[in-house]
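In order of appearance the chains are A, B, C and D, and numbering begins at 1 in each one.
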Amino acid sequence: MLDKNGIAKRIAKEVKDGYYVNLGIGIPTLVANFVREDISVEFQSENGVLGMGPFPFEGEEDADIINAGKQTITTLPGASFFDSAMSFGMIRGKHVDLTILGAMEVAENGDIANWKIPGKMVKGMGGAMDLVASAENIIVAMMHTNKAGQSKLLKKCSLPLTGVGCVKKIVTNLAVMEVTSDGFKLLERAPGVSVETIVAATEGKLVVEGEVPEMAS
Amino acid sequence: MLDKNGIAKRIAKEVKDGYYVNLGIGIPTLVANFVREDISVEFQSENGVLGMGPFPFEGEEDADIINAGKQTITTLPGASFFDSAMSFGMIRGKHVDLTILGAMEVAENGDIANWKIPGKMVKGMGGAMDLVASAENIIVAMMHTNKAGQSKLLKKCSLPLTGVGCVKKIVTNLAVMEVTSDGFKLLERAPGVSVETIVAATEGKLVVEGEVPEMAS
Amino acid sequence: MIKKTVPNVEDALKGVASGMTFMLGGFGLCGIPENAIAELVKLGIKDITCISNNAGVDDFGLGLLLQQHQIKKMISSYVGENDEFERQMLSGELEVELTPQGTLAEKCRAAQAGFPAFYTPAGYGTEVAEGKETREFDGKMYVLEPAYKADFSFVKAWKGDEAGNLIFKGTARNFNPCMCGAATVTVAEVEELLPAGSLDPNEIHVPGIFVQRIFQGTHYEKRIEQRTVRQKA
Amino acid sequence: MIKKTVPNVEDALKGVASGMTFMLGGFGLCGIPENAIAELVKLGIKDITCISNNAGVDDFGLGLLLQQHQIKKMISSYVGENDEFERQMLSGELEVELTPQGTLAEKCRAAQAGFPAFYTPAGYGTEVAEGKETREFDGKMYVLEPAYKADFSFVKAWKGDEAGNLIFKGTARNFNPCMCGAATVTVAEVEELLPAGSLDPNEIHVPGIFVQRIFQGTHYEKRIEQRTVRQKA
């Protein structure tokens, strides 16, 4: 079974040379720590920066330089700042190659819900609706089940949607899955996790074909 | 009767303190020379400059700094450069207060034609269609008649239109007119020009009410 | 040069009144018009509609206006950092319209640039698109979103000049440029107000034509919401 | 940092072919991609569709491609400085689509920013709107204009860096920024190509994400169309 860093580490393998990547808040933010150092990647944050670097050293924080999670950041050589309209032009115009974000629920047809629990929690969608409606390549990073132990991989989302039929891949603490026209296709098992465990934790249709390999470490 | 400079000088009186003004090619360009010096005005050129100044001194021309007529220009303190999308955002968004342009024909309902003579001349509309479709305040600077002596102030334009019902005022070598729902309303006569001369030179409906004053010099 | 300077925040906000709609720049607390917000609190006007990506925190930014119950309606993309906001929303005291962030930015830009509405894929198939016109282009579905209409835009820049030209710093730029010229009156407050001619015309982010009033701001707190650092190796 | 530099114009134009659609920056001869145009002439590809505000003059800019009869169709707003152009157009050798200048700019920006189409008031009631969808918003009529689709964008900047970031000078900016990222491949040529980190991130006009290839241009002629001066007093 993977912890949050393990999920981030596995997703980092999906980041290819030359990719512009938008990372959501939470587990996705950790992905930056695990990207291979021999490839060139630039991180975009929708509040208006391309070429984000690591967090600043203590005392070097600048209130005017933050990421979409409102965290202080630094920039790398080649970075640029721009306004919100241009930032979402990058996203809507498909110039960002990969979007990694968290979810409350994902449905077997690729629907995603991650912004609202009616009557309980309404933080807003932020940039997520623009990202999922535009990106060709969307990976969800999340726990396979919620705190109550219920599957987050469903036949149909029960919460208000963020986007329809858009998720391409899901990496959870238990497995790596691809969204296909037949449902969630199991690609890899997390270390020490059996196919049976994954089947039991998945409410939506899970396609298991042949021998499912354990994730390479 | 006014010459080109006379037309420009009369139009300059329509330029008020605090106006952003777009000047077309030809007579409109001359207007800048006659604007009162005690008021603040900025000239916008749709190729991407606000705060245009006079032409440069010999030897100080810069190929990268031109106006929409492709003439070398200078800029004044407070000037800015921007791209074409933003430039037409200024125009379409009604941030430019006054547009002054030339015309081949103006109709009594405010239609204007100035970009094409079928089979003979097709230079293109440039920014004129955007300007006339957007501006609240459009003044046409032109000769009252064409080279063949025919009226350019018509019941209906014969040439392909640049915009519909958009012209507010017309200053010609003979007169100043306002476009009203009743037709061209004669406001002023050029020095030494009789109402009869203006009537004879105007094909469209000309409204003459009471004593029409001669233009103040 | 058309001069846009006003001596202070009081003059800059002349004409604001209860019931109006305001745009306010900033992302989180980054790049917010601190002086204008403080003055709105002081003026005590009510029933405001605010178009702003976020709603501040409990005791800063738009949170100050929420505390005083001056806001009738918030139009935002993300409001998750504010307990008082959540309380007012859940109790029905506060009307909230949540809008995708890119849509929010473009609805401002559309107002600035004279576009009545635009088609965006964001929100298609979600409750955000309910009751809105949708349309297919090249096999993909889009939602028609109208431009915003607002009475005042309050923006904050790093440097500005007498002509109203603005330059922003870092990610404090965010929504501020899109909101300039998107309301009837745009009020810019700046950290440094300079004479015309001080800024390079090539480096200006927002030309002064989009700004009606500009003033030298004071006492910027520039609070950091999530101070995040790494250790020196 | 994702490196976009290519060693020369030959590498920069790899993949261009007859029958393609190109966007070319510039207003008149100001800010045109001189190196890319010269290479297109050398390559001798035919049946090109060019989206460019103007068509150059007889012996410079796009006029060079017209001379060689390489252009099948021009999409422009103003073409009044070119006799060969007029001859080819009137004889029917050249297809011409005239588009209002602001519409042309926005059709590029729409392609860049992922908008399928937009409503503009420009051209309503004229032959430009013939056959196009029109619509009323708030009592005013608008024309629906689709985004352009192009294979390559050729732009010219003043300074650029390895990451593809661009800065323009003066009115040589014009259509260049709108065309970046508006075609499948954007090729930028620059007067000065610098290492990443040389440009202030605040001052960049076009972020490198919109540019696929960048190269150091050579032998810029920067011809002036209307040299206009005043006399010293």
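Just so it is clear, contacts are C-beta pairs under 8 Å (C-beta built on N, C-alpha and C of every residue); 3 or more make two chains touch, one makes a residue touch a chain.
Just so it is clear, the structure is predicted and the values come from calculations on it, not from any experiment.
Chains making contact with subunit B as well as with subunit D: C. On a Cα centroid basis, the chain most remote from subunit D in this structure is A.
Between A-C and B-C, more C-beta contact pairs are found at A-C.
Averaged C-alpha coordinates put the centre of subunit A at 28 Å from the centre of subunit C. We define each chain's centre as the mean of its Cα atoms; on that basis subunit A and subunit D are separated by 36 Å. Rounded to whole angstrom units, the spacing between the C-alpha centres of subunit C and subunit D is 33. Those residues of subunit D in touch with two or more other chains are numbered 109, 114-115, 120-121, 168-170, 201-202. Residues of subunit B found to touch two or more other chains are 49, 81-82, 85, 88, 91-92, 134. The touch graph of the protein chains shown belongs to none of the named shapes. Shown are all chain pairs that touch, namely A-C, A-D, B-C, B-D, C-D. Those residues of subunit C that touch subunit B in the shared complex are 1-3, 109, 111-115, 161-163, 165, 181, 195-197, 201-202, 204, 207-210. Within the complex formed with subunit C, the subunit A residues making contact are 45-49, 54-58, 60-73, 81-85, 87-88, 91-92, 115, 122-130, 133-134, 160-164.
Residues 114-121, 137-138, 140, 142, 146, 167-170, 201-203 of subunit D touch subunit C in their complex.
The touching residues of subunit B, counted against subunit C in their complex, run 18-20, 40-42, 44, 49-51, 75-82, 85-86, 88-96, 134. The part of subunit C that touches subunit A in the complex is made up of residues 27-31, 53, 76-81, 86, 89, 96, 98, 100-106, 108-109, 120-128, 158, 168-178, 205, 222-232.
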